[in-house]
Amino acid sequence: MTPLSHFDAKGQAHMVDVGGKSVTDRVAVAEGWVLMTPATLALAAGGAAKGDVLGTARLAGIMAAKRTADLIPLCHPLPLSKVAIELIPDAARGGVRIEATVATSGRTGVEMEALTAVSVAALTVYDMLKAAEKSMRIEGIRLLRKEGGKSGTFEAAP
Amino acid sequence: MTPLSHFDAKGQAHMVDVGGKSVTDRVAVAEGWVLMTPATLALAAGGAAKGDVLGTARLAGIMAAKRTADLIPLCHPLPLSKVAIELIPDAARGGVRIEATVATSGRTGVEMEALTAVSVAALTVYDMLKAAEKSMRIEGIRLLRKEGGKSGTFEAAP
Amino acid sequence: MTPLSHFDAKGQAHMVDVGGKSVTDRVAVAEGWVLMTPATLALAAGGAAKGDVLGTARLAGIMAAKRTADLIPLCHPLPLSKVAIELIPDAARGGVRIEATVATSGRTGVEMEALTAVSVAALTVYDMLKAAEKSMRIEGIRLLRKEGGKSGTFEAAP
Amino acid sequence: MTPLSHFDAKGQAHMVDVGGKSVTDRVAVAEGWVLMTPATLALAAGGAAKGDVLGTARLAGIMAAKRTADLIPLCHPLPLSKVAIELIPDAARGGVRIEATVATSGRTGVEMEALTAVSVAALTVYDMLKAAEKSMRIEGIRLLRKEGGKSGTFEAAP
Amino acid sequence: MTPLSHFDAKGQAHMVDVGGKSVTDRVAVAEGWVLMTPATLALAAGGAAKGDVLGTARLAGIMAAKRTADLIPLCHPLPLSKVAIELIPDAARGGVRIEATVATSGRTGVEMEALTAVSVAALTVYDMLKAAEKSMRIEGIRLLRKEGGKSGTFEAAP
Amino acid sequence: MTPLSHFDAKGQAHMVDVGGKSVTDRVAVAEGWVLMTPATLALAAGGAAKGDVLGTARLAGIMAAKRTADLIPLCHPLPLSKVAIELIPDAARGGVRIEATVATSGRTGVEMEALTAVSVAALTVYDMLKAAEKSMRIEGIRLLRKEGGKSGTFEAAP
């Protein structure tokens, strides 16, 4: 038997029954990076006057969070109550840091929604800047924190 | 003026006119990783009998490639002619390596389709295994190669 | 600081947190017009025997209401409990009047759903009739009434 | 018999056969307005520092253009080659003017894509500003020009 | 007057108001068949080593269940709490039997979600095997059982 | 090795490369039935005055044909040039016969689009009539004919 809840006893994928879980407030925070050269980072950080790379990526990430259950086969559809995304140029690390916070009141968590928001925001940063640099890399996408639900709070190691 | 083709001379986002570009065969290959503990990797590699994590992620990635223009705001919709995704457990690196190949015959490239396929496949690997380990990380998503179009061939550094 | 709830204190777009709002019954009614020549209006009003322009637009509007959160970047996804659309040929005004009523039980209102239903129904009326007249205009799309939620009832001026 | 191409001889809706039409370059330009009070218009025009209403609406309109065939029942799916949207605050008229230009190389025109882009951009302007004013109105959505295809060029009356 | 709830008193389609219905646990089970030759059935049953026809169809059906309200014009959007699909090769009947179980806690039933899951799983079985046999048939799609809601339990005749 | 083109040599699902196939005109015709009691069939056939069951199903089927590549995992996205659906009440057989014709000019066929159109039209007939009869069955969905492409013409046995 598998410990993975997305499979039944026969190893067949299913969207697991969450009908018996209680409705609680749930929050998830995820982060990720798009690494690039200083010249490309300057374009990313240029702001709205020169083309709003980070604002475009923020909207793409927010809209993607709402479509998570359409993209991830076994995710439950959830009525999200909040999606917020920060994109911060970080010259020291050499890239843009992305952090997404998603909240709902429901029977299952929003980890995948937060991770999807970060991923699509990162892809959009890449798309907006790829005319300048094709060798950018998307790195370090991970769950930072989740709260709510039976499994309680998860906090990533620093 | 910005060198970024997704903005016009005033810095406003637009879906750039590719009507004057010629229709050529285009291919893009992208890769990425989902890093995890050896115990989680054993679950991922367990195969169909115990729950087909990698097969599920492969399908999710293929379907996501087809929806790239829906997710990335300034991407052109393209009739893809091929999408193939490899997911290979790699004990040495400690994770699953994902490689996506996308082809089209069109006026613009399929880099974003390949990167989106890798990203959503990686998110699905995370989703399928998160009951076992929440601290997995998605790393190293990048374009490996592209061919076709005016800018010619791009090959990533090794 | 902006009085607009869709932006945070830094002016960044976000899907605002409605988790603290109470679940109440909410209704919104919106209207709009597609103006056209009398000859085109006769085609629109011809009814099912000659091609059901208004019935097609009604269905398109209902289906669009369900996709509002997919179209409007910062809208919250909501499980709608009712969508009804009236399309009435009005010879005096010279066009088709569209009125949409949407209801839900949720944490945020359905104004955008009602306005989206009217807009897509109007676009479909245009599409169905454009072989006869390309100079039709969509006019007067506005919120007529909303009920429910903290801001209470809004009633448009006549 | 109906002169409307979206219906067959029996008056039944169908997606008309365009297989015999030739592939030509096609362009469509549409416009529309969101009318509001001067105070609201000042918020709309405030720019990115205070919350980028017009940039958000531009992206929403571009993304909606790509989904036109999903929204309008009898529209043919088309691989768009260009989508550009201008949103210009106009104090004289008391609102935001929206103009969308869409191009393709295909067997059918892109009038509906341009009108859909304007409509969804207008709805997004409304959504972003509705906390300040619920009585805004969307007005004057119409086709300004189309080029290409058998029916040739259409130019709206001034 | 029509006894069909999807139409109003004038015979116009609407998404009927379920706001007054109580939220109850609801389950629906549907079944269907894809009939084929023994040689094709052997390919279907071959399992993951030779190409996982049934696993692919299972995922397609699960994802389609989540999109039911997007496909069926007057269906209410619902946050599903469970979707499970069995696909069983049946040599005696000469085909693959598909059974889908869908659950929610909501104001309206999930019969259409279960039937849509079966239908799209069946279409996917056809698609995966059509290189071997184009004359397969999809048969016997029906509701087996529903529970919950005012109309209570329905049980199909054997 | 599998004879199924949707799997590679290792049995892994992929969207097969059609880049080398020539662009030809392609047509597919599919049919299916929704069987019901005579009383339900009378409601279905009642026409627009009493609620247009068949017109609603026709539109749902047309819209679904355009979304086939979104629903069927390994289908190629295709720009359809025609979709037409007939729904004919047949008292002798005791149900509604559905026939869909889909055409494109492309590198791969439209069998799945025709079968999907029939399936979703049938599901919509069920949905519209289920308040009157839950024991309806969807039967006999099959490909009637396809033309174009390397494999040439297929004609179903009568």
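Observations on the structure shown:
Note that the chains are named A, B, C, D, E and F in the order they appear, and that numbering of residues resets to 1 at the start of each chain.
The definition used in the following text is that a residue touches a chain if its C-beta (ideal position, glycine included) is under 8 Å from a C-beta of that chain, and two chains touch if they have at least 3 such contacts.
Chain-to-protein mapping (UniProt): A, B, C, D, E, F = Cyclic pyranopterin monophosphate synthase.
Just so it is clear, the model here is predicted, and its values are computed rather than measured.
Set against the C-alpha centre of chain C, every other chain centre is closer than that of B. Taking shared numbers over all numbers used, the chain A to chain D interface scores over half, which places it in the same class. Taking each chain's centre as the mean of its CA atoms, D is the chain most distant from chain E.
With centres defined as mean CA coordinates, chain B is found 16 Å away from chain A.
Per-chain Cα centroids separate chain A from chain F by 36 Å.
Computed centre separation for the pair chain B/chain E is 31 angstrom, with centres defined by C-alpha atoms. Each of the following residues of chain C touches two or more other chains: 12-13, 48, 52, 55-56, 59, 63, 67, 70, 73-74, 79. Counting only pairs that meet the touch rule, the chains in contact are A-B, A-C, A-D, A-E, B-D, B-E, B-F, C-D, C-E, C-F, D-F, E-F. Across the complex, chain F is touched by residues 8, 12-19, 69-70, 73-74, 76-79, 106-107 of chain D. Put simply, chain B touches chain E in their complex at residues 47-48, 52, 55-56, 59, 63. By the touch rule above, chain E contacts chain A in their complex via residues 25, 55, 58-59, 62-63, 65-67, 79-86, 103-105. The touching residues of chain E, counted against chain F in their complex, run 2-7, 11-13, 32, 43, 46, 48-53, 56, 59-60, 63-64, 67, 70-75, 111-112, 115-116, 119-120, 122-124, 126-132, 134-143, 146, 154, 156-157.
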